[in-house]
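Read the structure below first, then the notes.
Note that the chains are named A, B and C in the order they appear, and that numbering of residues resets to 1 at the start of each chain.
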Amino acid sequence: MRNATGPDPTATPDRDPDRLLPADRRTRSIARDLYDRVATAPIVSPHGHVPVDWLVRDEPFRDPAALLITHDHYITRLLHASGIDLADLGVGGSHADPRSVWRRVAEHWHLFAGTASGYWMEEALAGGFGIAESLHSASADHIYERVQTLLDTPGYRPRALFERFRIDVLATTDDPLDDLRGHAELARTPLPGRVLPTFRPDRYLDPSATGFRSNVHALLGITSAPATFAGYLQALEERRAHFIRHGAVSADHGVEEPYTVDLTPEEAESLFQAVLAETADASQVRDFRGHMLLQMARMSVDDGLVMTVHAGVLRNHSSPTLERFGPDTGHDIPVRTDFARGLRPLLERFGLVKGFHLVLFAVDESVYSREIAPLAGFYPSVFIGAPWWFLDAPDAMARFRSATTETAGFSRGSGFIDDTRAFLSIPARHDTARRADAGFLARLVAEGRLRLADAERIADDIVGPQPRRVFKL
Amino acid sequence: MRNATGPDPTATPDRDPDRLLPADRRTRSIARDLYDRVATAPIVSPHGHVPVDWLVRDEPFRDPAALLITHDHYITRLLHASGIDLADLGVGGSHADPRSVWRRVAEHWHLFAGTASGYWMEEALAGGFGIAESLHSASADHIYERVQTLLDTPGYRPRALFERFRIDVLATTDDPLDDLRGHAELARTPLPGRVLPTFRPDRYLDPSATGFRSNVHALLGITSAPATFAGYLQALEERRAHFIRHGAVSADHGVEEPYTVDLTPEEAESLFQAVLAETADASQVRDFRGHMLLQMARMSVDDGLVMTVHAGVLRNHSSPTLERFGPDTGHDIPVRTDFARGLRPLLERFGLVKGFHLVLFAVDESVYSREIAPLAGFYPSVFIGAPWWFLDAPDAMARFRSATTETAGFSRGSGFIDDTRAFLSIPARHDTARRADAGFLARLVAEGRLRLADAERIADDIVGPQPRRVFKL
Amino acid sequence: MRNATGPDPTATPDRDPDRLLPADRRTRSIARDLYDRVATAPIVSPHGHVPVDWLVRDEPFRDPAALLITHDHYITRLLHASGIDLADLGVGGSHADPRSVWRRVAEHWHLFAGTASGYWMEEALAGGFGIAESLHSASADHIYERVQTLLDTPGYRPRALFERFRIDVLATTDDPLDDLRGHAELARTPLPGRVLPTFRPDRYLDPSATGFRSNVHALLGITSAPATFAGYLQALEERRAHFIRHGAVSADHGVEEPYTVDLTPEEAESLFQAVLAETADASQVRDFRGHMLLQMARMSVDDGLVMTVHAGVLRNHSSPTLERFGPDTGHDIPVRTDFARGLRPLLERFGLVKGFHLVLFAVDESVYSREIAPLAGFYPSVFIGAPWWFLDAPDAMARFRSATTETAGFSRGSGFIDDTRAFLSIPARHDTARRADAGFLARLVAEGRLRLADAERIADDIVGPQPRRVFKL
């Protein structure tokens, strides 16, 4: 189906309709039926990074490069690895001619064969813009122009795409001091789905974060809370309440290690003063961070925000790149992670509290069968976060399901999370997860391990009801 | 074949005869032939937790819930994760009406779709009780009654089941101070297979175990050994001798980390006095534990008991649950494990000793290819323990075989270990392993990596001769 | 094709022509076509351990045991695990009758079913010697004689095999003080491919290596550099220059942990004097090693040698075996590895330098998706080393591709590395990699994730152009 403003994004010209499904014929046939049940289900996206302003202002996307390349550090990082200067891709505010950026990508498009990013981009071009041609030097300009032409039409404005993508819920990620005016405005705008803020307080909790002291002082200032640990907690609570008033359902925490510590109020106060005075040593800084993660759980218990933890990433591995281009420019590297010991103090206190939801996202695959599935298979509060970041790709998703299902089944999962600011790739990412899950379920059916009726129920559940339950939507 | 007392447990009504076998047609056909060779082979179970008293007293199992639910922490943990109070499942001595427990499980049975526990339960109901119907609210009472009716017949008493399950060897797990009267009595009872005790001294070796001091004093008391380190070793040796006299072939060790330390007798004596006086710090406690694991190897070298090490589990993660329901209630969580460095002192001393057998069980999958297969592929004493606990499930078994075989082949494995006190699930667990191994072997044949004749020899070997060799049966 | 001196090594009598390819029919058919493109491509072997003298002297291999068993610690280790004394296999200079060694291997050949070593040996016997019969007690003598007869013919001398194997580049591994006369001589010899030395300085960089002090003094002596840190660096640089003059393209580093430290010249000087005086503690020794790894990167930046790091192996796990048989006798055991944090100081300084190539080889599979692919997907200098040692086998290769491709694609790989001194197994090892990659690519095509044309381009690239680019050949 085509309409005046562009192709139907669910039709993907020249794409294999069975793509990502298992090769085995019988398994594929089961998988296809499972996938067909959910292929066009509305998108529930309870964690992501789309800027709310895009939807508030609803202005046309500027150009194909800005939309599809420059902010997608999956794409720019692999080009960088192949010798292209990030400046030539417009990263970090560098000035680069968008058409040149696009050409550069097209010339190197063969690098993305077999990658998740390559797949998403091709899905977005085909599904979003009806482009069947593959990307290479000769097709670059032609494709650029076609995308640009469509971007200039009303049907490609953010809200039109939001509707066409069948997005039912979209969560953004926001700074605790954000006034959330955008969300308030959007709530008054007719839109077929909800856009919710997410409370993301990392830089107010980690003394080693850039600007920590001034962040804390700004937080205390905005809330008029006293410069004590109790005041600091109160300020955070007030901001969470502000988020909840604007529809937030979750608070997200990005940490290098999922480490928690319980402290007495006196210990916490003294540590708080030490980190503000910058007299705390590395171990005290770690303990402060660990205590604040535990306090965030305590607040979630109190105010009902779902707590999500994205753990195990060493941010900004390359200091020269950070200095030149800023954060989120492709050099965050996963490290090994210890959830079982690190989260124990938190779970000792809150793990059994009814209504507390803690979703654990990992980029260290070894924890899936070892720690995450066993934790989620016991604690009513713990949910298994979908494979994330480097792992939100078909093979990694299959490994994830294989590693967690036999211990914890399907009911302890979070449902898929796209975690992206690449707006155009959202349908492709959810579609990838749906195909991957259909393939996994089909294998269990083909191997006589799951009844077809159960597979159908599960396929239906994980694309909608499951994330709604887990994220209290 | 049916008989007066119940259905044939090897027939499984309405179960897919090819269940767990690979979907690919040609591979499945090879797998089916391999599986058929061993489907009805006697069960050799060299490590498990069935209470010997069940077989000694041979009383009918009380009710379906007590038999199949309450003591199976695989089942109760996932129900707990879904919000059910363990007390309502009769866990930890709680009083719960068995029929209500059963109904609760049936209502939530969909949670187990795709899990190992779900598969075993359905196998047990089908194979053990001829129940084809699936478990849900509407079928709960009917199934309960059918199981209860059968449990009340002579054919469902423990010894009858033992015979019907074709169990050839069943090892129990026992406290070092157990007088083993049950085993002695059973040895005089006509039974078609052997029931052997296993020496499990953890709580006498780990100073941080509950009651360690009184345990050690009880041990010294029963043997009249002096309260010195030498006396303590002598007492342990005496109890091992007692076990050997009652047929034990192995000593089992459950440790959070596979850490060993060699000490001089003087160092050991001084550490022993410190742990008894409770003046040892955390690092000394660790060293004492590590030295005792090495001493256990030394004793195995001397007395011939096979040493098994189940490593890498952080027990009783949730203190409130431990306090309310006791240990083994579903919140033991795996942690990452270092066998290569941790066992080096032990292997430096005993790794090359002829006749010493050390079987390593891991729940951290990353060690299979990295440490366990390389160790077992060099040290004549080291054997690769079958995938255990959270990993004794079809996909995990396939990953295990894939991770260990290319380095160490099949000959260095332990054979399957069911490690269970869920008596009714024993045939299902061994059958799962046989199917999984048939599938793995079939894939190697289909991929031209293994001759069919070799696959047949290996399939035959791993269900009987291999565990007999490794466990000196 | 047969010739006067022996069978064609690319023909393998009675071997399944589709061996190692996926079982699924459609996938296999795609895989077969991909494999056929590269089956006879010349071998590029940029890292290995064949002694250059074999090719210089071009003498016949002494006997089948010396050629195929004694020096292959993959083979001897598994026999050792099964109770055979390494002395009886001629390991470590032990005197053992080659025919007895061979018979012993044949008697135990069933142990190798399903292993990589078993596969290579059978490939070598079939492809290298036209032996279709399988190895067992009854065939042992017959096969031994046939191999011996052929080894005595001119067609089985090292250079003839080198030519028949279609080796285009073969890198050896050499001591920094080696005069490389062999390489010089070989360069003047007509040979259809190049033989290059590789600079491997471990024992001059690690203060805990046997003979470190005398190694350093020898190094300083040969170059007349002063006994200062600066002199030591200069001596290393001179030897690297010597290697480069003899054709070396890379410097290889085997380390237990990939740990790097940046130091000021003053700190380095003081540490250098401390390690030479043997007054450095364990942490200082570690820092010295870590600083030298960083210095090696600095030298690679300066002189252009590709830097390869083989990390994560605890060498000589069994001291009694080391004492009796020496190193490289089968008891090197992998340990868990931290590349992300350990290499950060090195990558902070040199990670973005144009022309610097750093190839990372791991034996801890958990780092593939977690650290190595993310690092190589950002840093232009970092390449993903092919699966190595215990992991250069079909299933492990599939896991490796699955773990790295979705993040980093195919372009960031090193190409296959055989890393062997088992000269006869070189064609089999490269063939294994080609089949495994064909199977992986075919799966992506069958699953609609990769265009066939891209798969063909990649299959062609990874067997030749890729290792040439990465190793600057």
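Brief remarks follow.
Basically, a contact is a pair of C-beta atoms (placed from the backbone, for glycine too) under 8 Å apart; a residue touches a chain by one contact, two chains touch by 3 or more.
From a predicted model like this one, the values you see are computed outputs, not experimental measurements.
Fitting chain A to chain C on Cα positions gives a rotation angle of 120°, stated in steps of 5.
Counting every residue number used by either copy at the chain A-chain B contact, under half are found in both chains. Rounded to a whole number, the gap between the C-alpha centres of chain A and chain B is 39 angstrom. Annotation for chain A: residues 22, 24, 336, 366 touch two or more other chains. Touching chain B in their complex are the following residues of chain C: 15-16, 18-25, 77-78, 80-83, 110-116, 118-119, 134, 314, 317-321, 330-336, 363-366, 390-391, 393-396, 399. Residues 22, 24, 26-27, 336, 338, 340-341, 344, 347-348, 351-352, 354, 366, 369-371, 373-380, 382, 402-403, 405-412, 443-444, 446-451, 454, 457-458 of chain A are the ones touching chain B in the complex.
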